[in-house]
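In what follows, a structure is listed as structure tokens, so that the remarks can point back to it.
The chains carry the letters A, B, C, D, E and F, assigned in the order they are written, with residues numbered from 1 in each.
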Amino acid sequence: MEKFSYLQPGKPAVFKDQFVAKVNECVVPYSEGEKGDVGLIGLPFSKTSISLSQASDAPRTIRSCLSGFSTFSGERDLDYEDVKIIDFGDVLTHPTDMEESITRLHLSVKEMIDKNVCERYIMLGGDHGVSYPSIRAFRESFGEIGVIQWDAHHDVRNLEDGGRTNGTPFRSLIEGGYLKGEHLVQIGIRDFANAKKYHEYTKEKGLSVYTMADVDMTGIVPIIKKELDRLSKLVDIIYLSVDMDVVDQAFAPGCPAIGPGGITSRELLSSISAAASHEKVKAMDIVEIDPSKDFRDITSRLAAAAMLRFMYVQ
Amino acid sequence: MEKFSYLQPGKPAVFKDQFVAKVNECVVPYSEGEKGDVGLIGLPFSKTSISLSQASDAPRTIRSCLSGFSTFSGERDLDYEDVKIIDFGDVLTHPTDMEESITRLHLSVKEMIDKNVCERYIMLGGDHGVSYPSIRAFRESFGEIGVIQWDAHHDVRNLEDGGRTNGTPFRSLIEGGYLKGEHLVQIGIRDFANAKKYHEYTKEKGLSVYTMADVDMTGIVPIIKKELDRLSKLVDIIYLSVDMDVVDQAFAPGCPAIGPGGITSRELLSSISAAASHEKVKAMDIVEIDPSKDFRDITSRLAAAAMLRFMYVQ
Amino acid sequence: MEKFSYLQPGKPAVFKDQFVAKVNECVVPYSEGEKGDVGLIGLPFSKTSISLSQASDAPRTIRSCLSGFSTFSGERDLDYEDVKIIDFGDVLTHPTDMEESITRLHLSVKEMIDKNVCERYIMLGGDHGVSYPSIRAFRESFGEIGVIQWDAHHDVRNLEDGGRTNGTPFRSLIEGGYLKGEHLVQIGIRDFANAKKYHEYTKEKGLSVYTMADVDMTGIVPIIKKELDRLSKLVDIIYLSVDMDVVDQAFAPGCPAIGPGGITSRELLSSISAAASHEKVKAMDIVEIDPSKDFRDITSRLAAAAMLRFMYVQ
Amino acid sequence: MEKFSYLQPGKPAVFKDQFVAKVNECVVPYSEGEKGDVGLIGLPFSKTSISLSQASDAPRTIRSCLSGFSTFSGERDLDYEDVKIIDFGDVLTHPTDMEESITRLHLSVKEMIDKNVCERYIMLGGDHGVSYPSIRAFRESFGEIGVIQWDAHHDVRNLEDGGRTNGTPFRSLIEGGYLKGEHLVQIGIRDFANAKKYHEYTKEKGLSVYTMADVDMTGIVPIIKKELDRLSKLVDIIYLSVDMDVVDQAFAPGCPAIGPGGITSRELLSSISAAASHEKVKAMDIVEIDPSKDFRDITSRLAAAAMLRFMYVQ
Amino acid sequence: MEKFSYLQPGKPAVFKDQFVAKVNECVVPYSEGEKGDVGLIGLPFSKTSISLSQASDAPRTIRSCLSGFSTFSGERDLDYEDVKIIDFGDVLTHPTDMEESITRLHLSVKEMIDKNVCERYIMLGGDHGVSYPSIRAFRESFGEIGVIQWDAHHDVRNLEDGGRTNGTPFRSLIEGGYLKGEHLVQIGIRDFANAKKYHEYTKEKGLSVYTMADVDMTGIVPIIKKELDRLSKLVDIIYLSVDMDVVDQAFAPGCPAIGPGGITSRELLSSISAAASHEKVKAMDIVEIDPSKDFRDITSRLAAAAMLRFMYVQ
Amino acid sequence: MEKFSYLQPGKPAVFKDQFVAKVNECVVPYSEGEKGDVGLIGLPFSKTSISLSQASDAPRTIRSCLSGFSTFSGERDLDYEDVKIIDFGDVLTHPTDMEESITRLHLSVKEMIDKNVCERYIMLGGDHGVSYPSIRAFRESFGEIGVIQWDAHHDVRNLEDGGRTNGTPFRSLIEGGYLKGEHLVQIGIRDFANAKKYHEYTKEKGLSVYTMADVDMTGIVPIIKKELDRLSKLVDIIYLSVDMDVVDQAFAPGCPAIGPGGITSRELLSSISAAASHEKVKAMDIVEIDPSKDFRDITSRLAAAAMLRFMYVQ
């Protein structure tokens, strides 16, 4: 086939430095037989958010931010350009049937896992409600599961008042028998952002809860290391669930439920690096970014940086 | 009770010109026994929109724009400060159960009508999906109904693909037997904004459809007058359904589905004045404004002006 | 009275989790005989700002941010839902007569205090000029007063050049004999943000001044504790005056006079907690937020969090 | 003096096409003895606005928009590059003393007129309150004055409620004896934007009032021509007072009191051209643009275009 | 290959109404042997703009707006879903070598034409500078060329002052012998937006120039029809060059050189329809949209609507 | 000459506190014979940026931010109002000829130095490409040069792929023989922001490179001090090159290439203070701020604060 000189139909025209590998260049759509290192799936669903949210648009913006990063770590003097990311695409949800949409999310994560072509998986929300079908799918495929949750909120609301909203995923998982309370670690919980009843619920169920005061006193990395050590003896797989509103509103202005007094971007990145280095950590979701509320995609860019910390470990 | 000099607890501090009556001052919350002229209800629901929409926030912004208008018409030399608007509040919808929410909208409009304390009613959406429960409620209370719909789109999509979305209200009404095709008038339909199949559906069901080319050639007020004349012989009550995206994107930048080539703000206002002057016209809804996408509430302000044209007739 | 199913006329429709108490639900408008814990008053005045400011709109946005917080502290395992906040409303100022407006602010704070129904008071500005009438009112009612001022600026400009602007409140208080220099503590003063003449004035009058370099070296909480200890022996009441521009522009982008190199949001919150725990601290104002310049009400939200730290102490 | 190759200290570096004369290049600061065609003065004052306004910033943005226009009219085949505009600068107002500021505005316009070096004058507001001192100055210097006012509002509020606000200039002028009612023409007055009481005041005082319905029926240019003809027989000088909110919000989104149903940009420009061509028209003010609310300075750019229509006549 | 239930790797998840064909679904990337109706090419180049411009980003936004339109015209009762659009992609330009970039644009348009697989072509700029290489390519392939230019400006600046900027394309074409003056029609030229020297140049070279006053008096469609008639006797092919700043700033706020007093969106669309219906019209470019300055892609959406008017003719 | 009371033609009307000296008041345009302390020049050039950038507009915004700072340091109890800043203006670049523009930048910096009227110099970019002509000019005038570069990126890309872009300045300087590798210090280099090839280039050429991990472990001020000590023994002059994207995106949201995990504003200011106090440090450039992407000029304001730290040393 005769080619064009400066046109590549179907591809955008982008300046290319011959020596730079961008992370997005390592992402390939899944096709039968394709094997890779990290599986990526978009869970673009946020209609069950209590406050109206366009978090369903975040898989698009986070993916797009990957082109802002290269694959090379100077600190480790390591180039990760051979880490292949298999993109399974975004789940098609239903416009008006919420239960149907949750079923589709669950089924799609399972179908991805069943392909058995990757070592690790990244799920991009959506609101925090997507963690329920996602964690359930991993539980069903990999055995006993432990979860480390970065979050300002407990997310264990009752199910009577509003059904399965973005405030209920961990309640749903615990009540459903998919996750034991003592296998759930919550980090970054903020004062005046939760209710007494749910605080008591976490105690009753045996969750490990670390507030911002704990982060201030102990440091976030030591907390992670200690809990990884504990969890790894109890479970088969560890799943990271990152609600971006754990980050202070100055560093993550695009979350629906922003607030002051959260962790910094450096604390987020270093704690994810610490967690990702453990071999039982196999999956991570990143949720609660509403790109329509963000400034210059700052929050999606931070999420993309978090993905790199998860994907690029020795 | 001893009063304060410059404080009124529970009320905002607002400069008041003793001779100016603002429209918002004529709005009172409904209370048992209260009678008025115009009933106002908010239908803050847009989760069934095909594209994510915050149109559910529009009842708040439109109400708030009422304070930017006075009750006096210099052109008619008439002050409407005695037209009392009874505000029934906003319907509480369900966070995750869409069918339940539609049921609540229908029930609430009925409960408002059943109070029987007003002459005319204004429903503030929300997306266009709210017209289905709203028009159905009026049909059930007042008999045979005619509808004049300002819209760029037919809104008669099939129900299989996505359930009752904001693209289906008139399909739902016709199929449900609440509205006859020949009692539905559509004005402002735009080229390249609809599908052949739905165009054929409107023909088949006998709708009166006026495109932008018709508006250009005939003028919007003559079309309204002709159709009012026709409808009024066939129905007991006429309902105006105003999808703000009938207006050109320069004049209504806050609609989810903006586009060029629509009617101007003057055409909107004059056509509503023409319609509202007919005695069988008893109800109007205004839908599809997403305040989060607007500029300086321009679109909500236009909607408030449209309310005035509906409420203030001789 | 026959009620509606899903309508509450006069109230917005808001999703309610039965176990969550939001801070705004603890706010009640003042009515004769009503007693509470914290008195809240809006001083929506910023026409005397040197640069045009819409800080007068901040009482509205800060109040509105209260709905984003719950009453429960997990760190202390204490729920403050019984702390009642009495809202006295916003002072009605005069559109063109500045002196008259200052008089009204002073009178209104006095009238609030005279009701004698609360333990503590929060004044929401407005620009920093409102601290003059406010502190004066507290001085007149409670005796010798000490003030801790969070601020990048001294705010002791001369009165000849521009009258009582937002740059003069502490000059006015000292010259007027309402506040002794040695009873005024200034924290967070920034380099290249003040004039030599006013620096000398603070020395001459015996103020305790802590610059950002002091905050860096000593820590903000130790400074607060030391000064509380000193002040409490000298005065009858301590008043906190929080000019939000003490905070770095990344954390408080909505102040008129933003700048780099200020304190972080965590430093603000922890220092207010430290101050509020002292029993002689009875009043706090929060000033210099212009919501029209803010991003997603980040600065107002931080102000609301500061209110909580002031209100919710053992 | 040895020059630089590509530097001109004190001047911005701007690309220059040798054949294009920009309007801003025809503006020179006033200096003793300098004579010109059009005198330009900024009246940057809006603290007396009822709603907070940054209209005081408009002289800066409008001047800056002049660089977007050239001096050449292709339609008339005439280049106006020799029309010299003398810029007298902006009046320094007082930060807190409103009466003093109004006195300064009046004095400054008089001082400009007294230099007697221009044929015509342009005053850039500021809010509409500046027209009171400005028109008064022209009345005192030139004799009996007629005013054509482009406006959605009458601006004849009572003076008791709020003093001399931006809603009172024409009341102040009439009551002060500076302007006779029958010498005042108001064009573009909108329904539901004024009060009955003030409507009656305009009748009582004999104003010529044209509503938007009049503009629709008669056309704005014929109205202008008719009134110029009438006025010119009665007065010595005619002054144009252009409140930009006469323009529809889609064309002038930067006015504090925007609204739908106003005139278009073409109607504004053609009507000013028509008025400016009359020899008794000697002065024009342009008011009520708040650049902080505008989009891409669209409203200031329209104001600059209006200036050109006033300045560039045969 | 085993498929997923709700995932399509490599494609975004989009709700699909089975009866609606969107315009973007008719766009296919060029591949060897592929034949179609309309060829589409992006010329993402604006570094030669006199004022910094991100018009190079417009091909992306305009293409993306195509998904907002369907292929059906109700007015003609015709569905154009079989009109296939072949997308040749975007030309890769050089980051620092401007001449090289212009050469690449010219070469790429030629390579597209040489494939000889389409009837008509659309070029998406970029700034107006791209019309020089583009029109030149058409001239070289198709013979004598006529151009109808929608524009507020003549774009015939001299080449000495700044080289080949976005102000020189038609000068370059005329001087280069690619276009005869009498074969160039300019519509929408605005007063005070051009220089005398260039006005004279257009006269000297025999251009047909229509100002906004001409549009006002004669109507834009009659002008188009008259000039098509004239041109079609003189040339082999007619090329439409649409500089979006011909449109009033209220309807096209995303152009770098916005201004008041231009044509409306309806005038743009109807005039392009009129031109496109002529059989000699084979190519159109749309230039001077800077998406970073736009509001909600209003200007790109108008451009997409203009594409439809060009593509969908009987 | 008879003066005006409140007008100063040619100067903006600004409120002046008689005791406050603003930094901008210490800036005077260069004129023959004028001597000062700090020379200031604008290098408004960013057309060679790989991604489109309006960094060329930053000299204007940074200068304008100087009026937000006073000359007084309370921490040192020193007023710098006598430090005179000579403004040489902005270099006029060529619209389309990039090489010519680089030549002009180089020539202009040399012409400024040759005037020999200042002790220190500040260059305001523009993108980082301007450091190549600027540093070259200093090298040619002052002898062996050392450079401390604050940057997230190495900026040593190859020159074949895109010519002299903003990614190549230090490559150009090293290859051109103007700067030795061991005389270049890079601080703040970020992981996943550079390529392996360029990392190796920096090693090969002997650069001193400090990553964010180094900043975390060692602290930025100790690094600066150590390197100043080393460099000062090897070179005649030290030049600071500050690419603002070294700062975290939360503190510098206006850089084209923003990202998370960078230094804070306090780290930037303290490190510049530390560097500026060394006597061999004679020049600083500040680059890569695109004001069109910023929020409230936060990034330009931080740059202005950095200028103060450089200018105001004992």
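Convention: contacts are C-beta pairs under 8 Å (C-beta built on N, C-alpha and C of every residue); 3 or more make two chains touch, one makes a residue touch a chain.
This one's a predicted model, so the numbers in the text were calculated from it and none came from an experiment.
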Note = The pair out of C-D and B-E sharing more C-beta contacts is B-E
Ask   = Between subunit B and subunit D, what is the gap in Å from one C-alpha centre to the other?
value = 38
Ask   = Whole-Å distance, subunit A centre to subunit E centre, using C-alpha means?
value = 43
Task = Quick one: which residues in subunit A touch 2 or more of the other chains?
result = 15, 50, 95, 162, 250, 295
Ask   = How would one label the connectivity among the chains shown: line, ring, star, complete, or other?
value = other
Query = How about subunit C: which of its residues touch subunit D in the complex?
reply = 46-50, 52, 54, 56-57, 94-98, 162-165, 292
Query = Quick one: in the complex, what on subunit D touches subunit E?
reply = 15-21, 23, 68-77, 79, 250-251, 265-266, 269, 295-296, 298, 301-302, 305, 308, 312
Inquiry  = Taking the touch rule as given, give the residues of subunit E at its contact with subunit D in the complex, in rising order.
reply    = 50, 157-158, 160-162, 167, 189, 191-199, 209, 211, 213, 216, 248-250, 253, 257-261, 293, 295
Ask   = Okay, in this complex, where on subunit D does subunit F touch?
value = 1-2, 4-15, 29-32, 41-42, 44, 60, 87-93, 95, 104, 107-108, 111-112
